[in-house]
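Pasting a structure here, questions to come.
Here the chain labels run A, B and C in written order, and each chain numbers its own residues starting at 1.
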Amino acid sequence: MCNNIDVIISNMAAPVSGMGEAPAERLPINSTSFQKKTRSKLVSIPGTRPSVQNGQLLVSTGVTSLDYLLGGGLAVGTVLLIEEDRYDSYSRMILKYFLAEGVVCRHELFVATAQDNPDDILQELPAPILDDVAVPKAVEQPRLTGEPQDSLDAMKIAWRYQHLPKVQSALASSSRFGHYYDVSKTMEAEIRQAAKCHRFCLPDHVTPSSTAHRLESYSALLKSLQEVIHREGFDLAAPMSKSRNILRVGLHSLGSALWGDDLCCHDKPRHRHALTTFLYGLRALLRSSLSVAVVTLPSHLIQDRALMGSITRLCDNAIALESFKGSERETNPLYKDYHGLLYVRQVPHLNCLASQLPDHKDLAFKLKRKQFSIERLHLPPDLSETVSRVSRGELASACGPSASGTKNLDF
Amino acid sequence: MLSELLQGIETGGLLIIQDSCSYSGRDLLRSFIAAALNREEEVHVLCFDVSEDELTDGLKPPATQRLHVHNAYPDPLGWTDHPAFAVQQFRLEDLTDLVKQASQPKPATLVIDSLSWVLRHAAPPAVCRTLQQLRKGGAVRAVVALLHADMHQRGTVGSVCHLASSLVAVAPGPKGNEAVAKITKRSKSGKVAQDEETFCITEDLTVAVLSRPSSLPEAKPNGSEEEQADPTANLTFNLRLSESELEAKQKLTLPFVFSKEKKTALLHPGPGSGRILYEPDANDDYDQEDPDDDLDV
Amino acid sequence: MFTELNSILSSSPDSVTPGEFILVSDRQSDASFLIHHFLSFYLRSRCKVVFLGLVQSFRHYSAVSQRLGVSLTQAKEKGQLVFMEGLKESLSVLIPQADNTESQAMNFLRDPPVGLRSLYEFVRSGAVGSGRAEDGAEEWGPPVLLVDDVSVLLSLGVDAGAVLDFSHYCRAAVCSQMKGNMVMLVRCNGEEEEEEDGEEGAEALLKGLTHQCSLNLHVQGLPTGYCKDIHGQVEVCWKRRQGDGPHTQRNLFQYKVHDKGASFFPRGTSSAVL
């Protein structure tokens, strides 16, 4: 099933994005309904492609393996919630990838933060690797069954294992969607400035009077976003005359005290419903426009799990990052190849009954210079000769609590 | 003790039926109504939770003449213009008027379905006071009320139940249509009797008590004997094979079980095939100990 | 419409039991697929349907219904369906600048403590409109109210008591007075034992609604954890007497959601394990 989907994506993506390789073969599965719908209307927007599942228009998050995890990409009109890691380093990185991808695809941006100036985030955007198109293809392309050269230099393994699916720990789909970025360099100013960017900076707007269920800062943000959507013609109701574009909305560290919110400060916050009301309004705005949002949230500061649950439910996608930095897991040999764990809290089902569930829930991420990669968590291969039985025991016990703690008991 | 309570509550009594999501006490409440009507008592019902039809379903016509339903179900908060009874009217004066309107000289039994509705909209102290005043007031002979205990804070439930002269807490029973009632009864002298009974309610709202309180401890040894029932009773496989079944089973060849001939053919190659003869010499590093340290030798 | 669920509930679109209040609840799981079942079920049974879609856009419900073989747009045009798109309505209230208030239904957003009376009045007028056949328009069966989902009202600052009042009034009007049906979805995410003392919020709402309803479909994840082939289990709990049967009757099924429906099977009989 999974392979089929990949092939269909490559089928679909080739004419749309113009970046995927030519499809090797056309599968009999060919549901006409979604092709018709998506191609006729929205095919002209660069950096988008329709979803195989439901014909939803997708954009890349800028992180290829995250796209794969979310069922191909972020659906336009939805919100991705990222629960920040403790030091907000990796969540901020994903936010920057998301914005950088927007710059490269010539989408418009809307950046809001209460912590620092939106320009600070924009200046830190990673540099795109634009000449890499051919390189990762060779590496990344999963081998389809029955390729001739495959049988020639195939490794000889016991026949029992020959029919097992090849395990590919890094998550990736067969077709190229987003771009790659080099995090050691920042994006050149002229590329960055070519993109149209709307900034919302809280200190300009703040008027700290507020009621229990509404916060002035959130209302101002919502209003400013609505203005941009109306003015720049992202509204779906707007006439379809000129070429359409996508608005990427990045909201950094919502719910933190700097927004005037006390969610993180108290067990029983006074503005308990301010953020959820805002997210409801945000969903309402996005659903009626060509925009997509990534929201980060310092969830480790929020004590109330029930509240966290309703926040999650008001977003569409939700992932959580847990960095090993500063935790006892840093020294655990099980995790030595990774920078942190990634949990998928929620996947959306939009326009369809079934949501695409990830086939694996134990996921870890690492940040490499040219790639943020999300992989299936597994033990590193044991290559050293000095490994004794004792340390293996430790490893097993280290593995145990993490599995039970995250409730990811997989059949 | 449940049937004792059904036969009549003492004057000035307050009986509270406490239920939860898992088992509704409404049928028991309706049994109390039916029992009171059968005793030719006047019954007033404050009906919040369910419609009048649902509440009076199963009560027979001659008895229902003495039943006065004050239907607050369609409009308990007065959102439309003319509510029959609204939750704000849960006060001594209004309730007394209501009961007096029926112009019966005889004091009546007041049934509240349910107290939870009232408690959600009025302060618990006020509700408690009204209940106490009703008991002493004289217009009402006794009060029977239903309370959904899991909808309120423990303190609220506690203080309301503290007022009750009898408390019946119902929970689902061992079998589908049975329920367990925990009964606490306080007499005026201060004596407290407690009991636990299993009961079921039939179609015509009569309560059948299945196990008597006195027989409950005696039933224990019996029960434990039953509990020692055959552990092999509900197995998904069969332990007691008949002769023919056993034969059939033994005939089966399991997958990957080779016949004897095939096995010997595989293990002992026939004549003519080669053999490896090997004698270790000095160059062979033959070590007695476990070189990888991974065998338990 | 999932035929397997119909046979479990022994219901069919040809005969709708009057006065039913079906509560669909979930805990750390997602029961919204059942809402789509009931939406298509009642549209097929030619009932007048009032749908409060609070969490998704009309397009979403419409696209899913299309897969289940029902067209919402047509139903709307024919007057069978009254659809309130909460997201759309809320914007004019949440961003005060646009002050063209067409509908009063979402008025509670202005001041949540006031309660949901305006929403109830919207429901009532939508349901009542069914009775009279207007100049040659088709006549529809008893009204049905569907809400997806009520717990989002809590997130918008309405307290659980007000939601309970709202559902009580809707039940009195739709189920008892008009002999229609009502389906509500409520979502919880805490552990069952976590919250105690009837704390306000989703737990209290779930408990209160469970007391009100006549049938509860409770969806949970598998107790053994995540599994790709079995999406969870649904507990079917009848609150009212079914003929001679017991008062409360519970049945447990496991389910898997497909593209165009869902399959239900007794525990341990998934095609993935057999």
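The working rule: a contact is a pair of C-beta atoms (placed from the backbone, for glycine too) under 8 Å apart; a residue touches a chain by one contact, two chains touch by 3 or more.
Everything numeric in this text was worked out from a predicted model, so none of it was measured.
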Exercise for review: Give the label of the chain whose average Cα location is farthest from that of chain C.
Suggested key: A
Exercise for review: Quick one: name the chains whose C-beta contact count is the highest of any pair.
Suggested key: A-C
**Study point:** Whole-Å gap separating chain B and chain C, where each centre is the average of the chain's CA atoms
**Key:** 26
Review point. What is the distance in Å between the mean C-alpha positions of chain A and chain C?
Key: 31
Study note, to complete from the structure: Rounded to the nearest Å, the gap between Cα centres of chain A and chain B is 46
Check your understanding: Within the complex, which stretch of chain A touches chain C?
Key -> 54, 77, 212-213, 219, 222-223, 226, 272-273, 276-277, 279-281, 283-285, 287-288, 305-306, 309-310, 312-314, 349-355, 357, 359, 361, 407-411
Review point. Okay, in this complex, where on chain C does chain A touch?
Key: 30, 32-33, 36, 55-57, 59-60, 63-64, 67-68, 87-88, 90-91, 94-97, 109, 112, 151-152, 154-157, 187-190, 194-195, 201-202, 224-229, 231, 257-262
Point to revise | Contact footprint of chain C on chain B as seen in their complex | key: 21-24, 27, 49, 51, 53-54, 73-77, 79, 116, 120-121, 148, 150-155, 172, 175-179, 201, 203
Point to revise | Parts of chain C lying in touch with chain B, wherever the complex brings them together | key: 117, 120, 161, 164-165, 168-169, 172-173, 176-177, 196-198, 204, 207-208, 210-212, 239, 241, 244-249
